[in-house]
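Take a look at the structures listed below.
Okay, so subunit A shows up in both of these, paired with subunit B first and subunit C after.
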Partner chain A sequence: MAIVFILVAPVIGGLVAGIDRKITAHMQGRVGPSIFQPFYDVGKLFEKENAVVNETQIFYAVCYIIFMAFTGALFFAGGDLLLVIFALTLAQVFLVLGAFAANSPYSYIGAERELLQIMAYEPMVILTAVGMFVATRSFNVSEIATTTIPVVLLIPGIFLGFLYTLTIKLRKSPFDISTSHHAHQEIVKGVTTEFSGPSLGLIEITHWYETVLLLGLLYLFFGWNPLLAVVAIVVLYLIEILIDNTNARVRWQFAVKSAWLVALIVGVINLAILYFLSGGVP
Partner chain B sequence: MTYLAKSPWIIHYDASSCNGCDIEILACLTPMYDVERFGIINTGNPKHADIFVVTGSINEANREVIQNIYNQMPDPKVVVAVGICACSGGVFRECYNVAGGIDKLIPVDVYVPGCAARPESIIDGIVTALGILEEKRTKNVHSPQVTDNGRAEHPKRHAKGGAE
Partner chain C sequence: MQIAQLLIFLILFPLIAAFFLLIAKKDTEREWIVKLSALAIGIVSVYLLITTYDKGTLLISAIPAEPTGLVMFILEMIIAVYILYLGITYRRWLVVGLILVQSVMMLYFELVYSHSVHIQANLFSDELSVIMALIIGIIGSLICVYSLGYMKFFHEHHPEMPDKRPWFFGILFLFLSAMFGLVFSNNIIWVYFFWEVTTLCSFLLIGYTKTDEATNNAFLALWMNLLGGIAFAGAIIWLAMFGNGMMGLDALTTSGKVIALVPAALIGFAGLTKAAQLPFSAWLVGAMVAPTPVSALLHSSTMVKAGVYILVRFAPVFDATVTGYLIAMVGALTFLIASGIAISQSNAKRVLAYSTIANLGLIVACAGIGTYEAIWAAILLIVFHAIAKSLLFLATGTVEHRIKSREIDDMNGLIVRMPKIAAMMVIGIAGMFLLPFGMLISKWAAIRAFIDAPYGFLFIIILAFGSAMTLFFWAKWMGKIITVTTDSQNIEGEVDKSEWAALLCLAGLSFITTLLFPMLSIHLLEPFLMANYGNVARLSQDNIIIMILMLFLLMLMPLSILLPKHKHRHLAPYMGGRTTTSDMRFSGSLGVQKKTVLSNYYLQDWFGEKRLKSWGIWLCSAIICIMVLSAVLKGVIL
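And now, the complex of A and B:
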């Protein structure tokens, strides 16, 4: 399953990105590019010269994709959910380091915004793992995915909180505070400013891996009914695209504050209710 | 099978243009013309771009910027001069601070004349540029690093005489 992920996830992730762009274009009254456009883009990037400010950048870009692939492989092999989340954070940190490696003001601002974004979603992602444990008594992805317990009904608050952070993780408006799919000329694109050619291509492929991993996390909430899970993933992704196209970007202060507030309110209250219902047994 | 022609990313720089051509370039991105359907993206970042679209002519304030953008773009790359000012200096070519068209400073591959150039002709120019881009890739052309060579010469300023 881990090897299947490493081979197939870029294809699925790229297609999702392509369909996303097509639907976005239709929502804006445009025809839009082919759904294979992300593959053309990355293919093009690998045909270009690899011009970097600092050789270390390439190393960090390679580390970023390796750790993201490792995270996904761990997840789809049914590993420990906590380890998956920590590995995911580590992968993100390599992107930040890559942006900091070049001495460029745009890159620095991008890296700082990426750090803020990590700070915004991290509490809720960890609460998601805790919620999964409370609901299914296991941190093992293989057990959570095949459980007969309707997880989403036990932890609806955590599910809503996770959807909130999903918008941040998928880099959708209103939370595209670091790297967006639309704002090519804006400062938020800073994190990839100093990458070009093949190393930028690697970062794009890493985003595809990440998308598939996040959709996999979404699956865990509906693990007891695979059909429902697939329907839910498709519907929720379409809603994400709609949100992306109907919202303006918020300030990073709001993104961090609101993400933490949501994690605190829906996440912690949900866990507290489950705790009391189970008679004080954690 | 090449991907270069299917995903041309553009950087657009306004060098002393009157904004007429810039508005027409932006019009290409609107639902009316929607160049994204050809995979064309306006990146605004020289390190991501394949095509350098310049409007307006060279003057003392922007010659360094144009060189900088051109030098930072990874190969293969092409330059499209949009509008008559970018092609030859246009009506401003006699001005004391205007050096002329973009080709006075960096090698230009496609000229799109017009005042202002129409979106159709801009798209046509970029599609022409794609062929040159592909040719440069197959021939493995390395673009030269451009350095400033005309900054100190101001014959017209001296010609006016007077104060000096």
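And now, the complex of A and C:
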């Protein structure tokens, strides 16, 4: 599974991005590009000259993609969910460091905002892993994915909280505060300002890996019924696109505050109910 | 018998070294004494590990309690008189009052109860003691070696300060001696004695520079720790009155909750003061005025670790009691609030201070919960925190001497200006919050421990938010360091050899401990947990392999520098289309040349120190009051 992920995930992630753009275009009354457009774009990036502010940026971009692929591989090989989450953080930190390394005001703001974003979603992501453990008594992705327990029914609050942070993680409006696909609301290009050519191409591919990993996480909520899981993923992703196109970017203060508030409320209520339902025995 | 000699050596040898350091006036003499003693202490601590391997708890009854106890009591009284004298000369009436109360308590105990104390073994050694001894013996000695270079530089650049280095190094070694005594004592009266010596040492070291600020902060540390000392003395008297004179740690921690709970609560309170938990966090932040090696020593291998050590010792008593939960709650809230405050701090040493307080909070939370899994996490946290934090402090100290600033924003582009030390700092920071390094493994262990604990979900939620904040302030600091600036020169110059040796050893230790952590867990932690809890915690084999894989991946990455380089075209950073010089100056409006200055986010409105601290102080004070009262009430009823 791990090798399959490393090879196939960019294809799926790229296609998802292409379909996303097509649907977005239709929502905006445009025809939109072909669904293979993301591949053409990245292909073109790799043909370009690798112009950098300094060489260390390339190093961080390479680390970013390697550790993202590693994280995804770990997930699809059925590894420990907490380990996956921590490895994901490590990968994210490399992107932030790459932006810091350029010593450029715009990528600097992007880096700080990316960190704010990580700080916003991190609690909910950890609580998601914990919620899955409470529901299935296992941290192993392989066991959670094949469980017969209807996970989402046991942790509906955590599921909703996860959906909220999913918007942040997929860099969708209104929470695309560090870098955005919508040019009209961007502070130059945020975290990726100083990346160009092949390095930017690497970052794009990394985002595809990440998308597939996130959809995989979504799958875990419906693991007991694969068909339902696939339907849910499609529907939820369509809703994300709808949200993306109907909201303007919010201030980062709102993003952090609301994400924390959601995590706090659903986390406490859902975990507390589960705790007391099980009669105090965790 | 050999082990008894080793323990006595570790306690007394630093004392002898301290004496010689006091009388050695020449720099070269001092250097040799410090280096050789540090080496000896380090080797003997490792030798202790080898000889006690697989032997479990060893009680040592070789030393007679009577004469030694009397000597200790006399020394205690001398210390009390000394503190009293200082308190009166500096007009610190709070300190005077506290030391009087404490001395009267101990005098009362000595006169009325000392004959009724039954104890078989005064010293002991088990896996926990050995781990602590390794931390003190290796990291503590490395810090002493580092101090040689640091203090030389310090006095060369601060000619206005009196050069009292013999005194300084004497106290450092006295501190090590007291810490060894603390972790090897089974007799709780002895623990108390060494406890008080560490309080005195930290007081003297914090006040070393004799500036007004240093004196104030030294007295702040003193009164807070004396408060803890009073609680400790209270525990001893309680044991004498109601515990049939049971004074051995080995007996106490296994005696069940009826007798031990009240003293455990009181000693827990003492542990909270020494571990600088809210509301007592101010002393550790204030201790930053001292020379940096002192901070490193206080934060990593001594002092605060004494506080958490005693809490971990009493953890079997706390397991599943209200007292334990309340202590754990104080720790968890401290973790959350201190992590938040660290975001708002721009001074590197203050960030380190708050991060220490936060991590100690996590250790306290684990100790308070007191299940075998939680204790496993707590001990791992103690070990890894000691290594990463001492490395960070020492690197910060060296940087501070070069750039004359402790501000994180002034560390912009450190990787260009001082590549080697910047690399040490990056390793230290990565060690604090990133996979696959030790601290993150410990946090992971803590999450698993909290899940299985009653009401654990509350702790997990606090941990989730706290670690998100931790990530924010470490990552933005790391970003500052690795920013590549084009206009800076390499100003690393000649770093003192002793400083280098210490930094390199600690950086090496961060990697080695991460690699050897499964061994540490199997050979030291598991026997300790088995003996005290009858159950062991561990990480699964797969996860360990994955993490070692990641570590190698991370270590391979920097080697990419060796790969043949493509020529890349270099462009200036995007500056909104303005003409910019290579050192990032651009012409602003009105044609004035301006330099681009990039500063971190500190989010003062949200995480400001004043705002969060007052909350934390009230909340934690209330919990501590309930904790002590409930324990005493329970004790009285039973």
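List of remarks:
The rule is simple: the second predicted complex is superposed on the first by the 279 of 282 C-alpha atoms of A that agree within 3 Å, B and C clash if a C-alpha of one lies under 4 Å from a C-alpha of the other, contacts with A are read in each partner's own complex, and residues count from 1 in each chain.
Throughout what follows, a contact is a pair of C-beta atoms (placed from the backbone, for glycine too) under 8 Å apart; a residue touches a chain by one contact, two chains touch by 3 or more.
Worth saying up front: this structure is predicted, and the values here are computed from it rather than measured.
With the two structures aligned on subunit A, subunit B fits next to subunit C without clashing.
By the touch criterion defined above, A:246 reaches neither subunit B nor subunit C.
Of the two partners subunit B and subunit C, more subunit A residues are in touch with C.
Touch criterion met: A:41 reaches subunit B, while subunit C stays clear of it. Legend: residue contacts after superposition of the two complexes on their common chain; A:63 is shown touching subunit C, with no touch to subunit B.
By the touch criterion defined above, A:123 reaches subunit C but does not reach subunit B. Vectors from the Cα centre of subunit A to those of subunit B and subunit C enclose 110° in the overlay, to the nearest 10. By the touch criterion defined above, A:225 lies against neither subunit B nor subunit C after alignment on the C-alpha atoms of chain A. By the touch criterion stated above, A:275 is placed in contact with subunit C alone, subunit B being left untouched. In the superposition on chain A, A:80 makes contact with subunit C only, while subunit B stays out of contact range.
Of the two partner chains, subunit B and subunit C are each touched by A:51. Residue contacts after overlaying the shared chain place A:97 against subunit C, while subunit B stays out of touching range. This overlay, made by fitting chain A, leaves subunit B and subunit C with a least C-alpha separation of 5 Å. In the three-chain superposition model, subunit A touches both subunit B and subunit C at residues 49-51, 193-194.
Note for the complex: subunit A touches subunit B at residues 25, 28-34, 37, 39-44, 46-51, 184-186, 189, 192-197, 200.
Residue ranges on subunit B touching subunit A, taken from their complex, read 2-4, 6-7, 9, 31, 34, 36-39, 41-45, 47-48, 50, 72, 74-76, 137. Remark: subunit A residues 49-56, 58-59, 62-63, 66-67, 70, 74, 79-80, 82-83, 86-87, 89-90, 93, 96-97, 99-108, 111-112, 115-116, 118-120, 122-124, 126-127, 130, 133-134, 188, 193-194, 260, 263-264, 267-268, 271-272, 275, 280, 282 touch subunit C in the complex. Listing the residues of subunit C that touch subunit A in their complex gives 412-413, 415, 434-435, 440, 444, 447-448, 451-458, 460-461, 463-465, 467-469, 471-472, 475-476, 478-480, 482-486, 540, 542-543, 546-547, 550, 553, 557, 560, 565-566, 568-576, 584, 596, 598, 600-601.
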